[in-house]
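Common to both upcoming complexes is subunit A, partnered first by subunit B, then by subunit C.
== the complex of A and B ==
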């Protein structure tokens, strides 16, 4: 089924009728309450960096919902049905969806600021996520995201990263550090997930996990059948694909019998596995899901995360939207940063109301959106500039890529660090001996 | 004079009953329409109470976030002014309270007439200001529909006609009062079928937003910066 949805050759099966049905499936009481409440005040535009940085009124968040709004009004309200019967309704057509596709995919990173700003309380970004279901089913999703989803289902990773690639990185790390990276350890307490971006671009993250967990004597493992946490299904807006990807993780975790699954830093991966996952597969998990920073904060509180040095360089903290605003992991990053750096300069609007890097919600996987993404990065550039620092620290591999690209685009020479990696770099230097724990475990198998 | 008396009796009698019926039945239909759609239970493990988050959002959303207040002070300040002055003009004017008492059997103390009169003037000025802003702001002009302008007019007319009636601006008074009541009836009739419904559904919208997003919020803390 899922392969049918995304296989390039089956495009004929993705049509308007399927799209309209997908829209209909998304209409629920909250959507109806939200549309009924909108007074066209326009404040959501001011919350959206795609509007504030371009001044293009088409990017007003509520305007991006026109297709879903029409379906709701014409089919789910008495008044709208009457208007439709009298011929006053504007139908949802392929032309409309084609026109709206760049608004829904290129100009929305699902950052969720609009949903926090709307005075009547409309969860606009939640509705954009819903609208994407109809877009993808009607064949109006951008090529870049279709490709990423196709690869995710076929190879297990949106970037086409297969197990041998991970194994190669693990071998490198093991050779460099002498540590053992546990894989497929039956009955481990924790199963760590990674994002493709980390495996390919930032393998230091895997090394960081190993160092920290060794020091904390955490009984952890990777899973060869479920190591990828990014979920292209969520980004393109296909519950079918998203469900299949979540199920892989759940199967892997259940097979190994782990108690807790650790989401990587990556924000959308966290949203996918932590918040959307159980709803996608239709059942609660038999394990817990924690974001890596939540776990590190717990380890710190338990005295199992010991750092020995601090950096004095001035840094600012970029809050990934899905982790901080929409994920509620808010105090931990700042507490953890204090372990390794005491020269934090916050950007304006830092914390819950941070501004997006511009590349979330699938925008970074959508090549067509690149010029717009770099343009709206202006907001982040200005913020970073006003913080006047030497480096940016963040905790999302995708944000990190976007920050690096954006800073380069605007000729700002500034390093971007992962918080987890920073902590790993400053651990107390007695990490050799605990690694024996993992070796022992593997021997026991 | 007789004609205007007949007119007043008609708007106060049958016309008012019809308008009130459409108003009440329309709202009930709209609310039931929304509730019947239902929503799926969220199976993810909540970090904090979603009920508390729902209540919190219903209340908190009346307070603008500081960043947006800086970016769009006009909409927020005039919006506040408008809603408060409209509320005073409608709910705290003694003759209105008497009508409500007659209809529902409940009443509360009103404000002195001069005070309400000033509030009505401020309400009208803020409505006019918002209309001008809507015409001129690129976003508002772009997203505005015919419904927005219709609702503006139908909301403005009761204030204007009420102001005229209170000051006896024209004669005969019966005609003036009749027109005021008629404009209110127009308001009541279109209410359930337009964005005026936000008066009711804002509570539902904030609630749903609160329970779905608020369950992810950390317990007992709101770290803003």
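== the complex of A and C ==
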């Protein structure tokens, strides 16, 4: 089974051989440089909330890379090859991968804190993402993520949300507010993406988008063929599946001929469509991608985002890892929050080095990981507690869900708000209705 | 011929005061790095000791070591050593000559069989026994003969200790050290060209006081005097630490007393006590006089590549070597890189697209 050529009979099945091949595919110059330059200092352990909250050394980020490291050492280095030839090397087996599966999926939210801490600059979280490619191909991905990926590809959303469900939510919003939510508008400037979480759990987000865009007189639309922004392929760690899902969004945007695609608040959706997308499909987008907060910040600067009131309650800001640490959207949320609240109390480590909610990187979709996820949420709980506030504001639907569940688990009665929704709630009321009509008229032309 | 008087008596008869004697013992005690309280014991022992018989042999040498001792800064004190010991045979100092001298040596050897000390000055030629003979006997025969019944052998000077100058490349006489020949006796090497006088007296006093030789380093030298490098104890060391070096013997740095490392000082690799004990009644020593250490107490110091060549200056064209090394490294790296790239391409070719249909049991 260690033969590098894949046997004919094992094709079409997920097995160790295919997994090993995937590991070999993933090894490139950065991986070789990272593994060679690791000084075994162990600082990444202290950066990882799965380690700090459990004290379990197996959760040290660099340890999670053992399978990929073995392949690199044994097949891409001279010394490792010599060791292997002499029989001193430990092979990568199904048993090893089975043992490592909970470390790579349940105990890593791809939050990227370890990569930031690493004194020699190794992108550890990036390598865990690479390791997942081999885990998927060898058939060692957790059931929850397999199911989510299956639904994402087959039904269009990891949570099984189909177009009729979105249409139903749109009808509700239109009936409640009298606004029209534009869908499939050919030649619109902006195409908004949503996450399943928003459609099912937080439909207020769609309403908020409509309110804000109407006030700003933005020519926008949803796309019936590509409304889902989340990407289970990124979470499970399969570039093939991720590519398929990104391709879907790109096709939709190209068909409508939009100039800009708006990523929802959702963190990993932003990573998928904004950063990984062009590499996955192997070509440039004919449109721009912005995070909703980046767009709101632009609108604010252009004087097209007008709010009329502020809340006085004390709030703290939870930074979604993919948006803030990895995406670089750091200043905008704080500037935007000032529009509607002057009572921000930052939690310790706020901003670039904030701690993860514990549910990113597919952990929230992996039921098996739930007890661990709630245990390590203690870090976030402590952070929020030390901020001593009345509410938490964030800008990622998944973080929001995790915060709500986690706070409930630790018996903390505290609301969690979406920043976009908060802004929408404080818009100047006068411009709301007429602009909605205007947009509709423009769209019909 | 052999007096049985104790040293105390002899000293008194030579007009050495009790005070002078105690002062000398204290000096020796501190030189030997013994506890100050030991001074009394040294004095007591030296006072009572029966003079041991010493036979001093000269082979291929310049007699500089004997000169160092006899012409040392305080002859009255240092020469006392000759009163402590019964120097029964010393070719340079001996009044007798010819057969009488040889007879004295044989008598001493018989009378003190197994108890006398053998001091050797000079190296032993092995290429041809005729290169150095005394009374028709080769140095090798004399050494083996006299060492046979000695209590211990003291090799004085770098020639006897390590071969010294006669041993320098191309070593025409096949000169070797005492320890190359004598294997079954305790040997103590007092290296230096010449050694510091007090080191010679100190070792003898140690033997007289305690009856054993002092602790030795890996080259058989007494640790008391050879434990530190000249460099570590050098008063110019702070300049080295600051990177201040004299570049020529008459530049500003030399005038300001900066480190002589770049002028070839061998202090960093030389173990001796010059920097602390100094020479000529503690007047000065080579580095203080403005000249780098030659490394004379180290083996093969004549062949160290030149007295004025700095220690770590490479003696071949480094740039050329570095060029080759870099080129080799680049070539090896490129080959390994290409091999790895081919492997990865092969893997990519064999890549099977992962599809959700690959899972048999999807939820």
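The rule is simple: the second predicted complex is superposed on the first by the 418 of 445 C-alpha atoms of A that agree within 3 Å, B and C clash if a C-alpha of one lies under 4 Å from a C-alpha of the other, contacts with A are read in each partner's own complex, and residues count from 1 in each chain.
What we mean here is this: a contact is a pair of C-beta atoms (placed from the backbone, for glycine too) under 8 Å apart; a residue touches a chain by one contact, two chains touch by 3 or more.
No experiment lies behind these values; they were computed from the predicted model shown.
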| item | value |
| --- | --- |
| First, second, both or neither for A:137, with subunit B first and subunit C second | second |
| First (subunit B), second (subunit C), both or neither touched by A:28 | both |
| Greater subunit A contact set [subunit C / subunit B] | B |
| Subunit B versus subunit C as contact partner of A:240, first or second or both or neither | second |
| First, second, both or neither for A:58, with subunit B first and subunit C second | first |
| Which superposed partner A:189 touches (first subunit B, second subunit C, both, neither) | neither |
| First, second, both or neither for A:13, with subunit B first and subunit C second | second |
| Touched partner set for A:76, first subunit B, second subunit C, both or neither | both |
| First, second, both or neither for A:352, with subunit B first and subunit C second | first |
| Residues of subunit A that lie at the interface with subunit B and also at the interface with subunit C | 27-28, 32, 76, 78 |
| Of all residues in subunit A, those that touch subunit C in their complex | 4-6, 11-14, 18, 21-22, 24-25, 27-28, 32, 75-76, 78, 136-137, 139, 143-144, 146-147, 149-150, 153-154, 238, 240-241 |
| Interface residues, subunit C side, partner subunit A - complex | 336, 340, 343-344, 346-348, 350-356, 358-359, 362-363 |
| Subunit B partner contacts - residues on subunit A that touch it in the complex | 27-34, 36-43, 45-47, 51-52, 55, 57-58, 60, 62-63, 76-79, 112, 115-123, 126, 274-279, 282-285, 288-289, 326-331, 334, 346, 348-353 |
| Contacting residues of subunit B [partner subunit A, same complex] | 29-30, 33-40, 42-45, 47-48, 57-58, 61-62, 64-65, 67-68, 71-72, 75-76, 79, 137-145, 148, 192-193, 195, 197-198, 201-202, 204-210, 212-213, 216-218, 221-225 |
